[in-house]
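The chains carry the letters A, B, C and D, assigned in the order they are written, with residues numbered from 1 in each.
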Amino acid sequence: MGSTEKLPKMQYRFLGRSGLQVSVISLGGWVTYGGQVGDQLAFDCMKAAYEAGINFFDCAEGYAAGKSEIVMGQAIKKFNWKRNDIVISTKIYWGSAYGDNPVNNGGLSRKHLIEGTNAALDRLQLDYVDLLYCHRPDRNTPIEETVRAMNYLINTGKTFYWGTSEWNSEEIAMAWAVAQRLNLIGPVMEQPQYNLLCREKVEKEFSLLYENYGLGLTIFSPLKTGILTGKYNDGMPDDSRYATAKDAYSTSKAKSFGDEQWQKDIESTKKLKPIADKLGTDTATLAMAWVIKNPNVSSAITGASKVEQVAKSVKALDYLEKLTPELMKEIDDTLGNKPTPLTRRF
Amino acid sequence: MGSTEKLPKMQYRFLGRSGLQVSVISLGGWVTYGGQVGDQLAFDCMKAAYEAGINFFDCAEGYAAGKSEIVMGQAIKKFNWKRNDIVISTKIYWGSAYGDNPVNNGGLSRKHLIEGTNAALDRLQLDYVDLLYCHRPDRNTPIEETVRAMNYLINTGKTFYWGTSEWNSEEIAMAWAVAQRLNLIGPVMEQPQYNLLCREKVEKEFSLLYENYGLGLTIFSPLKTGILTGKYNDGMPDDSRYATAKDAYSTSKAKSFGDEQWQKDIESTKKLKPIADKLGTDTATLAMAWVIKNPNVSSAITGASKVEQVAKSVKALDYLEKLTPELMKEIDDTLGNKPTPLTRRF
Amino acid sequence: MGSTEKLPKMQYRFLGRSGLQVSVISLGGWVTYGGQVGDQLAFDCMKAAYEAGINFFDCAEGYAAGKSEIVMGQAIKKFNWKRNDIVISTKIYWGSAYGDNPVNNGGLSRKHLIEGTNAALDRLQLDYVDLLYCHRPDRNTPIEETVRAMNYLINTGKTFYWGTSEWNSEEIAMAWAVAQRLNLIGPVMEQPQYNLLCREKVEKEFSLLYENYGLGLTIFSPLKTGILTGKYNDGMPDDSRYATAKDAYSTSKAKSFGDEQWQKDIESTKKLKPIADKLGTDTATLAMAWVIKNPNVSSAITGASKVEQVAKSVKALDYLEKLTPELMKEIDDTLGNKPTPLTRRF
Amino acid sequence: MGSTEKLPKMQYRFLGRSGLQVSVISLGGWVTYGGQVGDQLAFDCMKAAYEAGINFFDCAEGYAAGKSEIVMGQAIKKFNWKRNDIVISTKIYWGSAYGDNPVNNGGLSRKHLIEGTNAALDRLQLDYVDLLYCHRPDRNTPIEETVRAMNYLINTGKTFYWGTSEWNSEEIAMAWAVAQRLNLIGPVMEQPQYNLLCREKVEKEFSLLYENYGLGLTIFSPLKTGILTGKYNDGMPDDSRYATAKDAYSTSKAKSFGDEQWQKDIESTKKLKPIADKLGTDTATLAMAWVIKNPNVSSAITGASKVEQVAKSVKALDYLEKLTPELMKEIDDTLGNKPTPLTRRF
């Protein structure tokens, strides 16, 4: 990363209505760390990210069966980062996705949330995370049980904030209703998928939550697992994550290659190329810049399986101002997928 | 347990409306462990239970004056079970049932609940239990004092959930009223007796609690202390627990042998034999299957004084589907003791 | 105490509406332990009390400037009493009554309540007391600050219950109002003076608190600092506490010897002699039995500067049943000081 | 400080409606300790203050980038002061004013309040402070997040009370509204600037807060950073803090030398001289006495860069009674800046 001086200055945003600031580009440990990517490469990517001003590192107990947390914890220790300078998250739900015993080792019961968080903190070698997510909704556990357990984890100093990932708007509103009835702390952030090809949830379904609850978003898959880079435009390359799929997740994803949605997405991606050309960049950078142009996005979580990808993500910041209202409209018109936000009067 | 492969697959149920999953058949430390049964036999039974998929082990401070907890704690340590894979309970109320000083060493005062739980955790060599029961109602202690103390134990990480044992429906509803008024956590589960010969509480008295409070049941005595095995049909055998009664409880029970209720129960048990024959099993297995057929039963706590009894209990799972509506009605008609549930309109 | 077998069986009462049981006769460390009385004598008295069934030992940070707590803690350790078998109290308010700096070292501020309790527990060598008292009302501190600090001490495990000493009924009611408004725990017990010569507070002023808040009383001075023994009937004996006054408290009390109230009390004490004669005992025993005849008295705290006094106090239990309604009326008529309790309708 | 015996007796006031007592003159670590002033001089000043009866020592994470807290902690340890005899405060907001990374290292987010307080306690070598301030309002963090975090710090024993510094009346009222809605503890004290030349906030803007919320004031700059001593009446002396400005703060202040407000203040200071003469003292002592004459001022925080300044500040106590209503009116008339307090009816 001898070229960090050429990178645009990192921007920081408040996480929703909270007082916490996260870099608008962040680094996730999804699939990669502890999984496909070797430890040294993971360390290199984290170092590059930190030097580029990224302060938010996102993980989950379910990533690579806990190995992502181990690698991330080792990096924090190895680089001797000050705890107050970084924002670390993890997510609870899929503790045993790759384990032996699914009973009570997943979901959002009080037992798993507390046992799972303690195990995650052990792996991370940390006393606390900054953000703790419920990685999915759990319809088998009452939301009150989950809200109370997340508040227990805040009150015992294991996390500063809690939030959700891939919950729908009703579930988030129900969590807030429970929290408000019991005078407890509600979910501050949600982690949905968001990108040029997947806009309904963020732009329509959640539209009343931003004002009502001050919800912040830490979105994942800003490039829709790589499709928006355009690298699949001409078919699956040999070195893609899917081509070399070794884990259950990638294997299942690989199967979707070529299906109807995939083909539609490839078509959309191709249509974006002329717009990217006009900006003097590629579709990947256009797509990344477009995501963080949305002020409800507090941070876009990026992946990196090569050190260079970190810098590439950060360079999207250079294009934020170039995304003029006219250009944003051109993108909407080109893709034809702009959702109509909900309003308070119907 | 070389024959575990022949056992039916264990089923798990949510404990009432909570997010915790318990095996529908569980193992209790009642009387037996630390008491009549030697330590090695207790270890063997727990191992057999674990291998059969049983994840819930039930204990109490009052069982064998604390020795049951010691043996159970040793087993957990000896077999190196992962804490998150098992659900451990204990119950507070009778700490000094066999001790020297009854004053403040029993009941549901804040003092005994906290001191008793800490002592129980020491005996179990655990940092926390999953479930903590108030073993009986204590009419000398305000329910608010008890509800607050149980919440203190949850907030200090000593248990995940709390519940009751042999409380009546009004007492459970009063605990919920206190909890709701104070924004505290109410009792999630009740542990009553329930079997073919004792149905009023579970099927009638509690009938509104399941929906109102999401109450789960972990029932004890599914075979009514053995009567439903039919082994007393022809009188008291020489090796029965009562014939060899050594502790206060068994001695007192032994005295009931031959009384009016006993005779009535023996008659009912004899009538069940033809139905069991029809299913191709014995009355014990029929009785066990019948208990867990009730969806409000989250788990049936079984005892075992021989390793084989664990497998026998689990085999009842094979008969769950054979208990058709028609057969259930035949049982009701045969016993003539089906209660009428309470309804919300009288 | 080779004669404990001759003592009546100790009685235990619930502390007001709480689930805690205290011996109806208890032992206080007031002035004596750590002060006038030598350590060995204090140990002997505590041992005699314990063997007589006394389970409640009362102390205060202000007794002998903390030395009472030190001696009491040493006794508990020396005799290896089980923590769950005993009820230990202390009181906060006068931490620096004999110290150098009164600023913030007394009263009921959050600072002194927490610092004072931690210091008291250090002196007692205990992790917690069972009962923690606000030793006096503090009109300079808002009751809300005090109620919150006492609840903090309960929530951090430093005490099981909290109460007051020498508060008036309005102050107790105000503490309950604050506690109920904030969903906190209110004061369970009050420690007032109560004896045959001082009845207004317990029998009149507090009369609505017993039912409204379940208030329990642990009364002090059942013999009005010895007057009711009759030992001052003929003037101050040479070995009395006041004659040998060495501490500020006794010196100030000694001054009241001979004043108008003292003379009135001596006259009343003399009038009780014939009634005590009729019961075949002395006025001290009559006075002690009379105090615990009141069911609102959970425990009468006695002092002892000689081992024999412990047994003498306990023997009052033999006279409880002999205090018939007729005899109680005779006492009221003789003293002419029976208050009229408040009622809910005026 | 061989002359402490000549000093007037220190006075203590309750901090607003709370039960905590602070010396009406207190010592701050502002700029000086850890900064311009050497460690030994700081120790000497603290010792002189303590011996003069000052019990309240005020600090902040932002003073001299944390070095003030380090020096203050060393002094407490060195002099072996009893923790209960002193009142220690710190303030959170500007943790990184002089640090490398402003992101999440300042402001009133839950993250910085908790991380900042833990770091401050480490520097102070203390388990807790008595008072914890939000050093400025943070309009980027919801007041609810701040109120909850301050209560977390109280509940985890890191501070006894919390308050604000340089918040306006609406912000303080909003914090109380949040605290009352959630049954949490509100801010007990505010630390504004207050002196003869700066009266609006304390005498007008806050006028309804004293009664409504029991707000106490620990005011700073009683001499308006020295102007009221009269030492700048004839221009900037060579040894003034501003003339020798080495830190960012003093440098910025030095720039204001000579501006319009400065000239106005110098004029006012000159007008006070005859009144001081009449009292037989100087304008500095008059100004200090005038500040603590206001009963809403719980404590006036003074600075000291020479040991003698401590005694000089304390001597203002001698003039409290000499500030008669007539003299106070003369001051008001002379300065012409007396604000009209708000009243409940407009």
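Methods note: contacts are C-beta pairs under 8 Å (C-beta built on N, C-alpha and C of every residue); 3 or more make two chains touch, one makes a residue touch a chain.
Fair warning: this is a prediction, and the values are worked out from it, not measured in the lab.
Chain centres were defined as the mean of their Cα atoms; on that basis the chain farthest from subunit C turns out to be A. For the pair subunit A and subunit D, the CA-based superposition corresponds to a rotation of 90 degrees in steps of 5. Separating the centre of subunit A from that of subunit B, both taken as means of CA atoms, is a distance of 45 Å. Centre-to-centre separation of subunit B and subunit D, using mean CA positions: 63 Å. Counting partner chains per residue, subunit A shows two or more touched chains at residues 155, 183. Chain contact topology: the protein chains form a single closed ring, every chain touching exactly two others.
Residues of subunit B touching subunit A in their complex: 12, 14, 17-21, 23, 55, 83-85, 87, 130, 154-155, 157, 160-161, 183, 185, 214. The touching residues of subunit D, when paired with subunit A in their complex, are 95, 101, 103-105, 107-112, 114-116, 119, 138, 140-142, 145-146, 148, 152, 155-156, 182-183.
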